[in-house]
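Both complexes below contain subunit A, partnered by subunit B and then by subunit C.
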Partner chain A sequence: MIKPEAVGLSLTLRPPYRPSTIAISRKGTVAVAVGLLAALGVVMYAVKLFSWGDRAEWAYPAAITLFVLSTVTAAPLVAFASRMARGYWGLPARRVVELFALPSMLLFVLLIPILGSLPPFEQDGVTRANLWFGWGGGAPFLTDQLAVSVMLLAGGALMWFAAVPDLAGPPSRVRAMPAWKRLLFLNWTGTKRQWVVLRTSMRWISAFYLMMYVFVTMILTTDLGQSLLPGWRSGIFPAYHVITSFQGAIALIVITLFLLRRYAPSVGQFIGDEQAASLGKFLIALTLFWFYFFWSDFLLVWYARLPSEVAAVQTNVAVTYIVPFLIAMFGQFLIPFVTLIFNPIRRKLSRLAVVSVVVLIGLLFDRIRLFVASMSSENPFSHGLAELPEPYYPNAIDILFMIGVVGMVAAIYLWVLTRIPTPGGWEMREGAMYRREQKYMHAEVLVLGKPD
Partner chain B sequence: MQEPVTVDRETANRELLDFVFAWPKWFFATTGLLGAVITLGLIIFLLLMIFGLQLFGYAHPVYWGFPVVNFVFWIGVSHAGIMVSAILRLAQAEWRRPVTRAAEVLTIFSLMTAMTFPIIHSGRPWRTLYWEFPYDWMRGIWPNPRSPLVWDPAAIFTYLTSTVMFVYIALLPDLALARDRVKNPIGKAVYGVLSLGFRGTTRQWRIQAIAGILLSALILPIFVSVHSIVSWDFAVTIIPGWHNTVFAPYFVIGAVHSGVSAVVTVMIIMRYAFGLKNFITKDHIDSLARLLIIVATVWLFFFMLDFMFGLYGTEPAEVDTWQRRLMEPPWTAIAIIFIITGYIIPVGAWLFRRVRRNFFLMFVTTILVNIGMWLERYMIVIPGLERKSNLTFQYGDYLPSAAEFGIIAAQLALVIAGFLVFSKLLPIMPAADIKEGQILRDEIKVGRARVPATMREA
Partner chain C sequence: MSARDSDRKRELLGLYNEPDDAADAVSRLRGAGFGGTDIEIISATPYPEGAFGEQHAKHRLFAFPFAGAACGLAVAIAWHIGAQIALPIVTGGKPIVAVPAIIQVLYEGTMLGAVLFTVLGVLFESRLPDGIGVYDDRIADGLIGVSVMARERRIPDAQIALEEANAVDVLNKDGSLMRPAAASP
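After this line comes the complex of A and B, so read on.
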């Protein structure tokens, strides 16, 4: 049983909640720290550009880029899932997660030099394995960037559309805007027709974003992963990547909600253990999925004993990158599974946040073992690894680059958090209308309306 | 739910148990017809024992034919029960209530039917026993416990046992209801024993609810493992077209697609045959169709992964198999029918609310799904085995015989007959669950509108 917290009766909003941007305690310190980290990221990106075309040099940047794809870019999908399932727990979190669409835009910039360093599909008459089957339409650089751009635009549109009713203000204000701005605000006056159109378009854009996300994951994980490591051929790998991305996204959301509750009381009052209980369930389910997908992949290679496949698995699991793999296994599966079984951990936001940090660390090492192995492989044109490669260790620039990328994501997120009202006002009010607390015989019950 | 059940509790009790106590004429006619088809299957099985596997269309190198395809298909259908019952229960989906029992019963009978196929597949089953028992330890040959063929029976028996327990726990209050209403003393005694003395005390309800939730959670890994292991029967080999790491989730989601579609088909038949119009409404079918859109699309994604990563390595044997599957007759026609019936027509139709709420169209589209899914299994199993011989450069050939079609018909009849007999003896609608749903149903007034609502523990 999840008791609403003393202050955070998440949705029983009396007096009616008015949307506003958030105030962060110790704002100055946070801004300076995050700004410095972001600046470090920009500098390191510029420094790395001198290694343009050197694939191995971009191995760790590729790993952190796919980590961003797996966490930040996947996060808005939770808003979609919560709306689809009409999950009340998700109401205060929806805007919080949708705002991750803006820092996701970094993907586009990060991918330019990484995709630019990839070898051609054909060299000296030898073709390397790829998903484009010899199609010469600019793959992988143009095709991947095009797909990423479309996905990011869909995410941005979703974030903006969901925010417009809160940002637009009264109809008189919108009518007084210049034409371009009115267009930007979708000419929002809150008519019944506009609401219908808004909801329908949000539903379709969300579904499109999900499909694009899956597609982008499939092509990026192949172009930056499987097609560069000879002998690695795994149909389940894109699905594994999607599943672990959802796991990473949930972990990121838990941590974000925890920090907001701690440092942004205006949002924190709506975030309680009700959110933790639901996110905790998802997290443990996805943790089990990690094992299922990993095992389905590993078992077949182990069983079939094809030398080329075995060598690939020895590279990124059993021998060369065994340390990152073990960290990933503990972080993504063993520790969360053992801890999240217990209700007191799963249902308490602060405890869940600690587990989520472990999950994110595991995820980062997972991406390192998978993509550093591929990006640093010597000859992607051979049919199998003749001998196992040595691990490719990061240098100081790689480490600073990765820290900097996290800083840039945090900086952009904090910026947008202070610009767009959080949590989403219209959905919170609507949620409050559809929710009632009452007594039924001796029990306290919630009555949850589910409009069609 | 937008169309709440409006009958009072007494009418609900009567209507939900009506079929258990009544003997409609069509029941005898249908049972007779099904019995005839099953008898035909038994005759074929008898002939199989006399003449052996020559009765089937096997030809070198294809020795896995219809029986294996059907085995995979019926295991797939059996995934309906847990998907609908356990997952939706854990997700607290209110619309699941009238659907659960039928789905679980379908699971039991399709599992039982699936288990007959390995026996049929062996041709003369007693020979298997002859070679196995007593086991000749002196040969120094041991069963390979690392083989998925050994894991299969373990997983399937565990799944069957847990599903039976799951159904039985949920049945207890309904058995007690039947015990209290049946007039026949023998029936009263039987239901009395089966209901384990359930009187509806608070403690009994609590234990029953906890057992249900625990079983829901515990059965999920078994649910996933069953079809995964079936998929590994194929995937751990290095046969082209089979050796793909995506097989396990691809098989599981395909099974859910097939199983939930079968549940919709069964629900629609039940609605008319058992007079359950008050309990199986358009909303239930609509919700199942929405679920199916998602499941089918995920399934299509995995199919695409299987296809693309089959071609990805550009290994000649793998490409050759896919070319045969998609580009050569009769496989081209089968592939087109499979994709059109398995995805394009049904999902295209389900996008429209009007179709989702039309019983006839839902009946047709869900049957199409299962035709498509059967063909999918056929496409997976056979072309991989018909691969080109390394020495003669010739493809193998397999043409199913009439006997194999007869077996299919008999097995289908067996599942339907099992379901029908169960419905005759035990309540096929979870009366207690439905009534609980009625109690928890509420309304919230928003302006002038009344929004359907559900009570939940705070």
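After this line comes the complex of A and C, so read on.
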């Protein structure tokens, strides 16, 4: 039987288990390395801004930005899924994934120059393909950034509200705060009404986050993808992007949990096979979805043989960007599928983490083949590619930019780990209240209570 | 004591080690004629709805997203129609304001309103003051608090009900009401 870690079942309500923040020394090797990478990201962002080039200059930044959207920004949705499905396996992971809402804020900053580099909808009397029907009210810059802001607001609110009961401390501390700070801490006392409001708000805001995530994916993948590469017309592509984003998010979470288990015992003591088994199932299901969505998209174009559509597929799949595509196919589908069908790999966190690294590499190359191809396309106003473009290779600044973005995400995440207690104390205590290991005849079974 | 003083409500807080004792206290308070919104449970860990026999906690949070969504939709419609009328370009022979073309913007506006108002709703529902005046930090250490608002003349009844349920301590805003020997830490 796959069981929760024993320490998770033995948490007490009195004295209550209280999580702590993770202590990370600023002078430690990891902190210094991540800090340097983050600084590199800031410098490269500034370099790109000051040497503002044409749209193609932002091709690789766009690819890494959509990689962040597909991993970091999608991660908090796993907390929502585990709460809605009453999945107690997710208890130690919920706070870990919600904290990704903070590094997600980078998305807004990264998108400013990328969206700013997009061509107008109409040029010399010719209109390019777009989702906004040529609307002149600020699309796509204002509309996309507004949608991203709403999503980030929901993510930030979710992260904060879920953390308030652990951050607020005893009532006397909250009462001593100035009024604005008390309000920020929701005037937390722990009354029945406050618990009900907290839970209800978390459900609503999580649902809004999911709704906005799907919407943001749809408009960003269209504005930075399909609308720029002539002949690329796919109704299923936004769905493909969402599904592969969930796959990337699960992979990121597995790696994060593995690292926390190894290097942060205060969190890692609760993380084990139970989380690996559940996340492993998600990962293999999403891996199969990759094939379904890719094939549904590909087959229509292959069968219809419309020249403009064929040229677009030859660009980002079969010819121009075939190397990134093959890496993506192996990383997102073939390798994870062949490995995850075996229980010993799927149910062991360390092995699952190795597969997850492969998935993330595949995902990065998938975003490169899709968005570098479109961002570097020469004439988005034509209806089809006259001839296949040459691959647009990254220069040193592009590569350093992408490494720097990963560094910035890691730095913000490590910082928030040192500020917000992890895992979520009140949910862990509640979980311990509803779970017991009991003897059933000769077997040990897990008895679960699901009150609502 | 004037009639006005005896009608004024004061708050008592009973502290309990065990959830069963807290549930017993709520039951005794109900038996003594207290009920409705007069009884409140305070705990550091969320217990299931109705676990202590308390009344369902009422709130109006559900109204906020709907109100926000309606406001956001209205703003989005105004924004979109305003922009279309200010710069009327016929696209593909469609009307200047064509519904399928404005759906995304309406969705964005609606969601913006819904999320903003939900966040504001949570802050509103946590408004200051919250009606609870007596606190004890031992609740953060795992004790369960049963708070009751009682009229001046009914204070002794409430105190008896709270104490008889095996209270660790019973407090009002001035401090503990239990004799030092009876109140345990």
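The rule is short, and it goes like this: the second predicted complex is superposed on the first by the 431 of 452 C-alpha atoms of A that agree within 3 Å, B and C clash if a C-alpha of one lies under 4 Å from a C-alpha of the other, contacts with A are read in each partner's own complex, and residues count from 1 in each chain.
Quick note on the criterion: a residue touches a chain if its C-beta (ideal position, glycine included) is under 8 Å from a C-beta of that chain, and two chains touch if they have at least 3 such contacts.
Computed from a prediction, not measured in an experiment: that's the story for all the values here.
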{"item": "Partner chain(s) touched by A:26 [first = subunit B, second = subunit C, both, neither]", "value": "neither"}
{"item": "Partner chain(s) touched by A:293 [first = subunit B, second = subunit C, both, neither]", "value": "first"}
{"item": "First (subunit B), second (subunit C), both or neither touched by A:239", "value": "first"}
{"item": "Subunit B versus subunit C as contact partner of A:440, first or second or both or neither", "value": "first"}
{"item": "When both partners are placed on the shared chain, which of subunit B and subunit C touches more of subunit A", "value": "C"}
{"item": "Partner chain(s) touched by A:301 [first = subunit B, second = subunit C, both, neither]", "value": "first"}
{"item": "First, second, both or neither for A:214, with subunit B first and subunit C second", "value": "first"}
{"item": "Which superposed partner A:448 touches (first subunit B, second subunit C, both, neither)", "value": "first"}
{"item": "Subunit B versus subunit C as contact partner of A:204, first or second or both or neither", "value": "second"}
{"item": "Footprint overlap on subunit A, comparing subunit B with subunit C", "value": "127, 131, 133, 433, 451-452"}
{"item": "For the subunit A and subunit B complex, residues of the former touching the latter", "value": "1-4, 85, 127, 129-131, 133, 214, 218, 222, 226, 233-239, 288, 292-293, 296-297, 299-301, 303-304, 306, 433-437, 440, 443-452"}
{"item": "Touching residues (chain side subunit C, partner subunit A) in the complex", "value": "17, 40-49, 51, 54, 57-59, 61-62, 65, 79-80, 82-84, 87, 89, 91-92, 94, 98, 101-102, 104-105, 107-108, 111-112, 114-116, 118-119, 121-123, 125-128, 130, 132, 135-137, 139-143, 145, 147"}
{"item": "Touching residues on subunit A, where the partner in the complex is subunit C", "value": "12-16, 127, 131-139, 143, 146-147, 149-150, 153-154, 157, 161, 165, 169-172, 175, 179, 182-183, 186-201, 204-205, 208, 211-212, 215, 219, 426, 429-430, 433, 451-452"}
{"item": "For the subunit B and subunit A complex, residues of the former touching the latter", "value": "2, 91, 94, 146, 221, 224, 228, 232, 235-238, 243-249, 301-302, 305-306, 308-314, 442-444, 446, 451-458"}
